[in-house]
Structure formats: C-alpha cells, structure tokens
Amino acid sequence: MTPEITFWVLAFIAVCGALVAVVRRNLIHGVFALMIFFAALAGLFLLLLAEFIAAVQILVYIGAVGILLLFAIMLTERVTGDDGRSIAARGWFWGLAAAVAVFVFLLLPAIQEADLPESAQSIQPSVKELGLKLMAPYVVTLEVLALLLTAALIGAVAVAQGAEVNKKEDSDDA
Amino acid sequence: MSFLGGGIFSGMAVTLRNFVGSYFDPDRLTTNDYSWRPEGQLPQSAGEYPREEGEQLSDATTVTNYSRNFPMLLHDGGDNPMDAIRCVACQICERECPPQCIYIEKDYGEDGKFIKRPAVFDIDVSVCMSCQICVEVCPFDAIVMNSQFELSTPNRFDGLLLRREDLLKSNGYYHRIHPEEAAQRDQRMAEEKAAKEAKKKAAAEAAKKKAEEKARAEAEAKAQEETGDKEEEAQ
Amino acid sequence: MTLEHYLILGAVLFCVGLLGALTRRNAVVVLFSIEIMLNAANLNFIAFWRFGENPEALQGPLFTLFTIAVAAAEVAVGLALVIAVYRHFKTVDLEQLDTLKEE
Amino acid sequence: MSFELVVAILIATVPLLVIFPSLFALTTWLERKALARIQNRRGPNKVGIPCTRIGLFGLGQPAADGIKMLFKEDIVPNGADRLFHLLAPILALIPAMLVLCFLPLDFSFVAVWDESIAKDIKAVQGFALDGAVIFFFAITGINTLSVFMAGWASRNKYSLLGGMRAIAQMISYEIPLVLSAVVVVMMVGSLNAKEIADAQMGWNWYVFTPWGLAAFIIFFIAALAETNRSPFDLPEAESELIAGYFTEYSGFKFALFFLGEYISMFAISGLAAVLFLGGGEGPWVAVYPWLAVGWFLAKIFSLIFVMIWLRGTLPRLRVDQLMAFAWKFLLPISIINILISGIAWHLREQGAAVTAGVWGVSLGILYVTAVGLNKLNRANVKPREYKYAE
C-alpha cells in the first residue's frame, strides 16, 4: 500500500515539475521546477532500491547541473522575461503534435505490446557491489568517462572564455 | 611561529588568552556591570561614573591607551579649573566640526571686554562622530579625545549633551588615560613655546640689530651728506 | 507497482521533454528539456534493472551512472556554448540565430 | 504499517528534531558569550528567570530572542517574488534537518522494554543506509539553492550579490570537502556512517594518522566555508553586503535561516566527528551504550567551539582570496592526500618499520606540498598599489 501511494505522489510531482519547467516563462521558476522534478526522480530511484543512484542524482543534478543552469540564466537572460515576446517557437503546434504523437502512437503501444516481467526481483542493494563492479569489469569505461569529464571541463572553460579573449584582442586592435 | 599556518595559531593563542583571562582578571573587562547601582539608576553624565574610588580601575583608565571616543577640554590645573582652561573660544573647532556638534559662546567680562575663555562649550555626543578633526585643528591643544565611553543615560537629549563642566578635564587626567600621546603633546608644546620664545628673542635681536644698522646707516648717510656738502663747497 | 507503471511514467516524462525541446525558443530551456528526456531514460534503466532478470549484474545502475556523468559533461559544454552564443549575438533566442539561413 | 514500526520510527527521528533545535538555542548563547569573552566583554548576562533579577548567566537570552523574532513584522519587499521569498527559509531548514539523520546517533537504547522495537529502530535509522555519507553530501548541496533562492527572491542587489557569492563559494568548497572525506571512505571501504565510526574503535581515530590529520584540516576549513562561518562568511558580509542574502528577511523567516545555519553547523561537525574523531567512541561507552550519544554531542560541541573561536580570531577573506584558496591550495593538496592514503592502504599491516616509514614520508610530502603550494600561490602577490589615494 505505502509504496503505491509514494509512487503516485512522486510521479505526479515529477510530471508537474517537468511541465512547469518546460512551459513557464520565468526561467528561474523553471529551473526550480526542474529541480523538483530531479528530486522526485531521486525519490523514485529510492523506491526502486537504487539508493546510490538516488544520491548521485541529487548530488549531480540538483547540486551541480541546476546551479550551472542558474548561472547560465543569470549570465544570459533578463530573468523574469516579462517582455511580451512569445516564448514558443514558430512551429510550436507541430512540436506539440509531434510530442503527443510520439507518446500515443510510439511509446504507449510499445509498452503495452511488450511482454514485461510482472514482479520485482528481490535484491539486496549494496554500494560496495557497485563499486567493485566499477573497478573490475567497467574500469575502462570509468577511465574513459573521467577523460570525457576532464575534456568537457577544459572545453567548457575554453568555449566560455574564448569569446572574452577574442573581444579583448579586438578591442586591442581598435 | 614560523611554520605554515602558524600565524593562525598565534592569533588563536591571543584570543584564547583574552577568553581565559577575562574570567580571572576582572581588570581586563572593558564594559561595566550596572547591577550594583540602585534600581533604575543609570549614570546621568560622564562625570558620574565611576561612582566609587575602587571602580576607577574598571573604567576609562583600563581602556587601552589607543582608545578614543569623544572630545574633552583640557585645563592646566589649579583650584579653579576655569582660570586655567586652555580654550580661548576661537571657535575654529566649531567651524571645522563636520556634524556640527560643538556650540561655543565667547565670555565677556563685566566691562564688555572679551575674556579669552568660553562661556558656553557644549558637545552633543549623540551627534559627534569621533572624527578628531577638532583635535587636529585646535591651535592651543585645548581639545583632546577622552576614552570615557560609559555615557549611557535615560535621557537622550540633555543626558547626551555634554556641558563645559563635564568636558573639562585636567592635564593630569589626560596623562593618565593617554600617557604616550600626552607626553608627546606636552613635549611638542614645550618645544613650540621654546621655539617661539627663541624666535621672539631672535626677532627682538634682529629688531635691535636692524635699529642699530639703521642708526649706523643714518649716521653714515649723514656723514656722507656732510662730506658731500664739503665737496660741493670745495667745487 | 509493476514495470508498466514505471515505463509509462518514463514515456510521459520523455514526451514532456520532447515537447519543451520542440516548442520553446530559448536555448537554456531546450537544454532543460534534454535533461528531462535523459532523466526519463534513466528511470527506464533503473526500472528494467529492478524488474528484469539478473539484477546482481547491476547493469541498470551502472548505465545510469554513466548517463548521469555524460549528461553532466553535456550540460557543462552546452551552457558554455549558450554563453558564447549570447556573447556573440546578444541573444539566446534560437529563432534569431539564423545567420546560416538563406534570406 | 504496524504499531511497533511507528514507535520505532518516532524514536529514531523525534530525538533528532528535539535535541538539535534546543542545542541551537544553547549554541547561540554560547557563541555570544565566547565572542564576548574573547573581546573582554561579559556577553549576555541579564535575561534569566522572568520577573526576577536572577540572571542565570543570561541563559534566558535565546528564549527572549526567539520571542522577539516571533512577534516581529514579516516584511516582503515590494516587487519581490512572494512565493520564493517564503520558500527560501523553509528550503534552508529542511536539508539541514534532513542530514542529521545520517549521523550515527543510535537511540535504540531507549527501547529497553522490547527487544524487537530496538531492532526496528536500528533498521529505520537513516545512517543504516548503505550510502549514508554520500547522501549527506548530496543533501547538503541543496543548501546552496536556498541561499540563491533567498537572494534572488528579495529583489535587492545586495541579496543577489550575496546569493551569487554563496553559490560560487559553496560549490568551490564542496569539492575539497568531499575529497577529504574520500580518504576515510577509502580506508574503511564503506560509505556507511556506522561502519566508519566502528572502524575507529579503540582510539584508532583517523585524525591520528598523517593523511587523516591533513584530511581533517581540509575538511574543517571546507566545512567552515560550506556553512558560511567566519572567516568565509562572505555571502553575509555585513560591511560589504549589509546582510547578504537575508538582507530582506525579518521575523520568523530570518529565524528559520538562522536555525538552518546552526543546524547545518551541527550536521557538518557531526560528520567530521564520524569521519575523523571516532563517532560516539569514548571512555565507558562499552559499559553504558547511551554514553555514545553524549560523547558524540561533546565532540560536535568542541568542534563548534573551535568555529566560534576562529570567528573571534580571523578577519574575513576577500572574494578572490577565497576562490584561490579553494582551487589552488585545498584542491591540489586533497588530491595528493588521496594518493598518499591509497599508497598507505596498500602498505598497511607490513610491520612497524614500514608503517613508521610511510607515516614519516607522507607527513613530509604533505608538509612540503603545503609549503610549496603556498609559495606558488604567493608568487603573484605584490604589495598593494594605490591608484587614486595619496
């Protein structure tokens, strides 16, 4: 009983958070709605007994990605965005139609047609097992991922700073 | 301490010494407990605290030598402090005071002649910002900073308006609260006085010399005139 | 709760993300939407791991872990690009970034 | 859900919600007293029993402050985001209270009357989670958001500046904080708070090893920054930003911020006690199990006293100094510390001579690294030049 209520509540929060994040004009409100969505998803992961993933979800998405988004918004937009400009793209109706169509004609039938296992497996969640797995069979993946993250760090700094350096050079020429 | 981060530890040692010391050495405490006073009575003016002889120590005199808050007027001692007041009511400090918290009235004798002292000298310490500009500009070293901070009063108008009598302190008191500064000031005053006297002397001598020279020159001129006359006569 | 519930929830969230990516004109919001889609996929990975066979292999959580790391890298680079674009064009409106279009 | 389980959950959670907020009141009093004594003042000593002149060393001061806070007018600035202005202090308190449950404060000794309830309590306590430490860090990270929310919702440039400073500072210092905890997690081989504390039984505290000491110092410095304590209290630097992100807060909302800040101080000190100071270990714990809670709180309080002491001693850093210290000093040294502890882990239990050698070499490397980093960072420091003064 209790897990079912928890599931429905978390699912409701997740869908609402995602919708608000997508349709809200005020971007800061959007980011916070997105974070509620991330938190609800972390709760769902906990419900599925993936506690380490839930912790990582909070740590990475709320602690890092969300704040990065906040910084990006503060650096780029007039935050409240109360100017009368439309927030939707020109072909927004076709976008909406495509999204609904993907759900109704593609994903839902696929899920309903598939032969899914009914009951959950009984598992003993263990962070230690996960760590050992990461160290033994997946160690190359982990290292590649570390390399990717380093490259992304350097790349992000270079891209974000490049414009400023160019501008400085331009102004020096002028 | 010369190892890395040692500065933090020596700083922490200082604060720890203060922390522990303040429990064992009541003289360290810079603030006072009012609980010994009768119910509802706070010091009405600066002169009222410390009330007892023994409490002198826990007040202004223990405050560090470098503490300054509000100005006071100096006198050079004697039975009647008003006779020895250094202030001549020149009103420079009144004009220089940025928040204009000083009010001075000149004193006139019965014959209407200006006596070199203030009849009224008020400082509103609720306005004063302790900038010490009055101290800087005073040509007579008459106004200096006090370290008396125990000025709490139930009345924010009259209680915080310090009169001439409240402000008047002896040079001895000044020496007690700011020994170094007072000694330097006295030395400077003595030097200035000496220099002034020397200058006066020199000026007097110069005047004398000038007068002599003038006399000599006149005499010479006279003599020349005389010789000129003679020459003229000779021609 | 059955696997179907989780999968449908994942599908709904994915479509919400798709909706945002297709209909909004602000580049930052498009990044939000991509994050929502990635998270919906993560939910599916975990659900399949929980209900599927052989959960001791921990493939679902491991894949999700890698997805999260890649998504973090993607957001960092994406936002750096958004900021660079903003510095250049003074806007992050995707409809106004049409210098490659033939007029 | 059975009745026994409800009782177990209540016993596992209610003491946390009672003990720490009451300790908060005591800590505000302690802080004011200690700061006053450091500055040769007496501190609050008047408010004691109401309607009498009994001062009780001013112990009534927190209650008086609380009553004052409750009755103050709640002001929301014109043009502020009302919803976020309300949510921010709540969001500041929730993660701070939430992380307390990851501290291994075992209250199962309360249930002496029923063995099965004691067992249930052990099962539902938050630190029984396998990844308690990583949960701790994850949830502490949410604090950053509340600070930003408060700063942004106030529609005040000082608040916003404070909020942005807070984000930059907290993100920067979270990295050395986590990396220094990694040392202990590596040595124990577990993320479970209880296992980490148990691994230090018999005075094998990690603070008594070179890598543990270095990690403890890094952790403590980063924890100061993470909880916005002096000398890293830039987000609320009153001489620059009025009160930083809570400039526009008054009344009970302000009290919530205050409470959240102190609770997160307790939480992070508690984590330091778990990771480096042996958790609830101390004399006579084996005889009286309930003493573990007492020792744990005593360790938290001694760390908090050091925080107060540092607040009374050190001046506030500049923003660039703060950032440079995190990225150019703490981060490299904590990475080197992880390397050292990894090597030490491989060389463990190989005889006293090897252990002594490892200790000496690692102490040397750590000290040389610290001095070298300090020299490198100081290379660019020049005497200040005044452009307009003079």
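A, B, C and D are the chain letters, set down in written order, and residue numbers restart from 1 in every chain.
Criterion: a residue touches a chain if its C-beta (ideal position, glycine included) is under 8 Å from a C-beta of that chain, and two chains touch if they have at least 3 such contacts.
All figures in this text were calculated on a predicted structure; none of them were measured in a lab.
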Ask   = More contacting C-beta pairs: A-C or B-D?
value = A-C
Note = Distance in whole angstrom between the CA centres of chain B and chain D is 51
Task = Report, in whole Å, the distance between the mean C-alpha point of chain A and the mean C-alpha point of chain C.
result = 5
Query = In angstrom, rounded to a whole number, how far apart do the mean CA points of chain A and chain B lie?
reply = 71
Key: Averaged-CA centre spacing for the pair chain C and chain B, given as whole angstrom   = 75
Ask   = Pairs of chains that touch, anyone?
value = A-C, A-D, B-D
Ask   = If you look only at chain D, which of its residues touch chain B in the complex?
value = 34, 37-42, 45, 53, 309-310, 312-314, 367, 370-371, 374
Key: Residues of chain A defined as touching chain D within the complex   = 2, 28-29, 32, 35, 51-52, 55-56, 58-59, 62-64, 66-67, 70-71, 74, 79, 125-128
Message = Help me check something: in the complex, which residues belonging to chain B touch chain D?
response = 4-5, 8, 11-12, 14-16, 18-19, 21-23, 28-31, 33, 35
Query = Of all residues in chain D, which touch chain A in the complex?
reply = 1, 84, 129-131, 134-135, 137-139, 141-142, 144-145, 148-149, 152, 164, 167, 171, 174, 189-191
Note = So, in the complex, the side of chain A touching chain C is made of residues 3-4, 7, 11, 14-15, 18-19, 21-23, 27, 30-31, 34, 37-38, 41, 44-45, 47-50, 52-53, 56-57, 60-61, 64-65, 68-69, 71-73, 75-77, 85-90, 92, 94-96, 98-100, 102-103, 107-108, 111-112, 116-121, 123, 129-130, 133-134, 138, 141, 145, 148-149, 151-153, 155-157, 159-160, 162-164, 167
